[in-house]
Amino acid sequence: MAQVFWTWVAAFLTLAIFSFLYKDNPFYKFAEHIYVGSSAAFWLVYLWYFDIKPKLIDAWRMNTGLEKYILIIPAILSVFILLRFIRPIAWISRWAIAFTVGMAAGLGITANLQGFLVPQIQATFLPVWVPSHNFWHSLGLSVNNWILVIGTVVTIFYFYFSKEHKGTLGALSRAGIVFIMIAFGASFGYTVMARISLLIGRVYFLIHNWLHIV
Amino acid sequence: MRREVPIAITFFTGVLLVVAFFIPHEPFGSLEQRFNDWYIIVSGFAMILGLDSLLLHHWNKVSRRSQDWFHSLSLILAFFITLFWGFYSGIHTGNFLSAQSTFRKYFYLYVFVPLQATMFSLLAFFIASAAYRAFRADRFEATLLLFSAGIVMLGRVPMGNQVAPWIIGFVLLLFAFLLYSDGRKEVDSLRRALKFGGAILSLLLIYPLAWFFLKYTAATAGWIMNIPQLAAKRGIFIGIALGGIAMSLRIILGIEKTYLR
Amino acid sequence: MIVQSFIFLLLVSFKPAPATHVRAYDTPNDAGGSVTVKWDLSKDDSIVTKYEIIRIIGSPNGERVSAGFVLRGTNSYRDVDLKNGQKYYYMIRTWADGEYSDSEITPTPAIPKPQWFHTKRVVALVILVIFTLLLWYYLQLAKKGAPLWIRKIAGLEAIDEAVGRSVEMGRPILYILGLGAISDIPTIAGLAILKRVAKKAAEYEAEIIVPNYDPIVMVAAQETVKEGFMEAGRPDLYRENNIMFLTQDQFGYAAGVDGIMVREKPGAIFLQGLFFAESLILAETGHSIGAIQISGTTSVTQLPFFIAATDYTLIGEEMYAASAYLTRDPLALSTLKAEDIMKALFIALVGLGTIFESIAILTGAQGFHFLKNLFNMF
Amino acid sequence: MRKYFEKLAQIDRRIIYLILFLTVLLPYLFKISLPMKPLPEVVQAYKEIDQLPPGSVVMISIDYDAASMPEVQPMLYAILRHCFSKNLKVVMLGHWPLGIPLGVTALNEVAKEYHKKYGVDYVFLGFRPGLAAVIINMGKEIRSVFAEDYWGTPLDSLPMMRNVHTYDDIAVIVGLEAGSVGDAWVQYAQARYNAKIILGGTAVVAPDWYPYLQSHQIVGLIGGLRGAADYENLVHHKALAYYGMTPQAAVHILIVIFIILGNLGYIALRRRK
């Protein structure tokens, strides 16, 4: 019985969200407000059980010595951020923000170096000729390599800021745009399937779990 | 004090993380992980600020009986019901998402997941309307976008190979027709000849291209994804990485300080 | 059948050949406490059930402990939780069913210790040092007042137009910072653009709404908008309530922002920051209400949707360049110049790498792979 | 004539939405299906499980959440049906805490269908944080990570777990993925302990695994709704995914047709000017 009731609730919410496609209406408004309110609470509960409790409370209980007392730093930073509620000393909250921004900057350097820059450049070190069992196969693989290297280089040229895109640079950056557009088109087309799958999931819920037609 | 201390904290934190990146020795080796944990704690507490903002915003609407106040009230109720239910289940069963938790059984599976999944599934509609509206062959670049999207779409599904030749054929016929009707209006005989020639070429291309796509639509889609798509992505990634590093250096050096006023 | 019984016989009655050439050394580039053990596989690897790694503490006749097992075909093991400075010897015991045979003990001890420099990251360090030096050089030039030029970026040129048009229609401006936290660089870039938009909005006395996904970003956005309004000389117009938090749920946020769009009907929408799948939900709804939209993100997977659904898009690095572009701050502009020099260097490097790889492949001389190997960080 | 074309350039988006919705709905209602030959990598996965002797233990890892449910959940159902119909035993766990409820629901539902008993035929371990550490330590002893199951029962008091200690006791691991956990399974469980792994995942993550398949680091690959459809087809229980392939193909073609229609209208408009 409970199962049936809750299935109806789910179906109602599903249809209420879909109704937005026609236009804004009270059903969507209701579902939207329920969603925002309950999800804010959901993530708060989640934060407590998966972040704060294990990383602060449990860590405090389980560790000893330096490992324990160093947790005072994040605790103080947390207090700082909440000082925003007290107008006269609200500016102290910026210290905590400064810490997070410093992290952003530090990681922005290391993560970009390690995660993107070095590996992407390394991956572009490609031979211009790939030996293979027959000539045409070789040629195919080699042409692919040429396109990869040239495409990467001209795309970088598109992002050249300090010179006007005229003459040679203009031609190169235009070639860059050609690659970028092909890439965006392909990426767009590639994603359609995953998105339709989501809709299929919802439609299946409606006709299978709710209406039992299929 | 108000300005210098934050800049100093940012500088110190940023430089420390960069230095730690090159030193496996403790305490540097695990510094990134440690800072990350701290950040998660701080941002967890910051949620209180967010909730204050959200709840006050809607409470004001309710108390002023402004438009849609009823919806604001349901937002506040939904928030507190979820919150108490979640903690209730959490305390009773050890974990708010545990197997016996009614929170998981009812709220999570019949309220939260449907809302999330349905909102997500709206993308199926939006991706169609965006494609219909935006993919117009008005400029050369836009035409490329359109063609590569079309081929990848057809290449990804069963039947794509069978349908693609018809679509290619239709598009080429259309080209031929457009070139022909343009050519008829042309006064200059050379241009007219060129346009007629183009029309004939389009017609001639129908058979070979249709044959090609009957066999290789999926392969072409794969090739576009693996070669030109990858090349452009790489270029963009390298740009983003450089820009990100430069931005980070600007922040560390205190050139960029929007966040601090 | 005969073959099977033969193998069976082999299994029960023969000891497998031992693993050979066992060597152990301190694991490089780690925080200590670990030794890497390697060996050549037993000749009978195909019938081996497992290799047991035996740790011998102190001296070759010291206490023996089983450190762990690996399955056949594996020829290395990373022994962890060791004491730094202690001598360890190793031996590999090759098991085939119930039988085993032992390898020789490693001739020299392995002594785990932590390292002070990560040798695999030397390329990253070099790049960073060159970049910093270039930056420093151009900063000095900028301070001396050398002119720095920057190419036009259409998306940024359009900001004033978008704000102006929105004001003409008497509608508010909506600024969406996406799902990034303040620890994401794109969010900070988004805040820099927000400041300019806020300033313009204040000049035109327009309302600006900023719904947020992350509470700390909300705080930063409040500060940024307030600052923008102050710079425009209109702190009186600043409404903190318009910069609010919604929810930390990806699609809950999208639902809420969609609601704001259809009800407040903004004339200009800015989508600047880190976006994920919700990007198109926001951009299509924004289009359906007829707003002029300027988007920008570094999420490469979302860029196609922004290109398709919004009027102007800042592609990746263009977004990072925005703060320098908008403020024309010579110090910030000089970093762009340094970036461009780096790009030229990388293009040269790619050319060099391609040449070396080609030589390596065509001549078979492994030495020419050195550049590619140098860039291997793992 | 021209007027019609011009109208094509400005079809109300709601009409597009309606057509799209019907394109998804109708194939389900009328059970229209396309003839599809199962992909070889899915057949490989199917065969790998199919040839296991009854009583073998299959470990299934839930590494996705609600957002990827439509693509991955059908795989889970199909694989569970396959396992239980072949009298294989199932150990389930997960690395995404929010996926756990989805795993439990499916496991209970399918187990009921096949009258399987908890503790004897299937066990649910739950979630422990630490991804790589969890996978590595389970290779030494599952109890070092999961001393108890999801309901707090010690593993040793569950009959089917008594002889299950490491990956050696598990015939095959099935990782159902929406992110990078699949790589961790291969890197740690396969590379270190030589565990047999089948990966199934969304169309976004699956293409990255083909190198693993070529190097035999995984013994099967199920990608996206198409992979799920093939698996449903192979276990003769056609459901969401299998019938979903028709709307998939239809919608893709529909969108291409929409693009062409939009351009026809656009060209007509422009030529008038």
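Read from first to last, the chains carry the letters A, B, C and D; within each, the first residue is number 1.
The definition used in the following text is that contacts are C-beta pairs under 8 Å (C-beta built on N, C-alpha and C of every residue); 3 or more make two chains touch, one makes a residue touch a chain.
The structure presented is a predicted model; accordingly, all values stated were derived computationally and were not measured.
Of all chains, the one whose Cα centroid sits at the greatest distance from that of chain D is C.
Across the assembly, the chain pair joined by the most C-beta contact pairs is A-B.
Taking each chain's centre as the mean of its C-alpha atoms, chain B lies 17 Å from chain C.
Annotation: 7 Å between the Cα-based centres of chain A and chain B. Annotation: 27 Å between the Cα-based centres of chain C and chain D. Taking each chain's centre as the mean of its C-alpha atoms, chain A lies 11 Å from chain C. Those residues of chain D in touch with two or more other chains are numbered 13, 17, 21, 24, 67, 69-70, 97, 248, 251-252, 255. Across the assembly, chain B contributes residues 18, 21, 39, 42-43, 46-51, 54, 68, 108-109, 112-113, 115-117, 119-120, 122-125, 127, 129, 131, 133, 135, 145-146, 149-150, 153, 156-157, 225, 233, 236-240, 242-245, 247-249, 251, 259-260 that each touch 2 or more other chains. Residues of chain C found to touch two or more other chains are 121, 124, 128, 181-183, 185, 188, 216, 219-220, 223, 246-252, 255, 263, 277, 300, 303-305, 307-308, 315-317, 321, 336, 339, 343, 346.
Of all the residues in chain A, the ones that touch chain D in their complex are 21-22, 50, 54, 191-194, 196-204, 207-208, 213-214. The touching residues of chain D, when paired with chain C in their complex, are 13, 67, 140, 168, 191-194.
Interface residues of chain D facing chain A in the complex, by the touch rule stated above, are 14, 17, 21, 24-25, 28-29, 31, 69-71, 73, 97, 129, 202-204, 224-225, 240, 243-244, 247-248, 251-252, 255.
By the touch rule above, chain B contacts chain D in their complex via residues 94, 97-100, 104, 108-109, 112-113, 116-117, 120, 124-125, 127-129, 131-133, 135-138, 146, 149-150, 153-154, 156-160, 163, 167, 170-171, 174, 178, 225. Put simply, chain B touches chain A in their complex at residues 2, 5-7, 9-18, 21, 32, 34-52, 54, 68, 71-72, 74-83, 86-87, 90, 95-96, 106-125, 127, 131, 140-142, 144-153, 156-157, 221, 224-245, 247-249, 251-252, 259-260.
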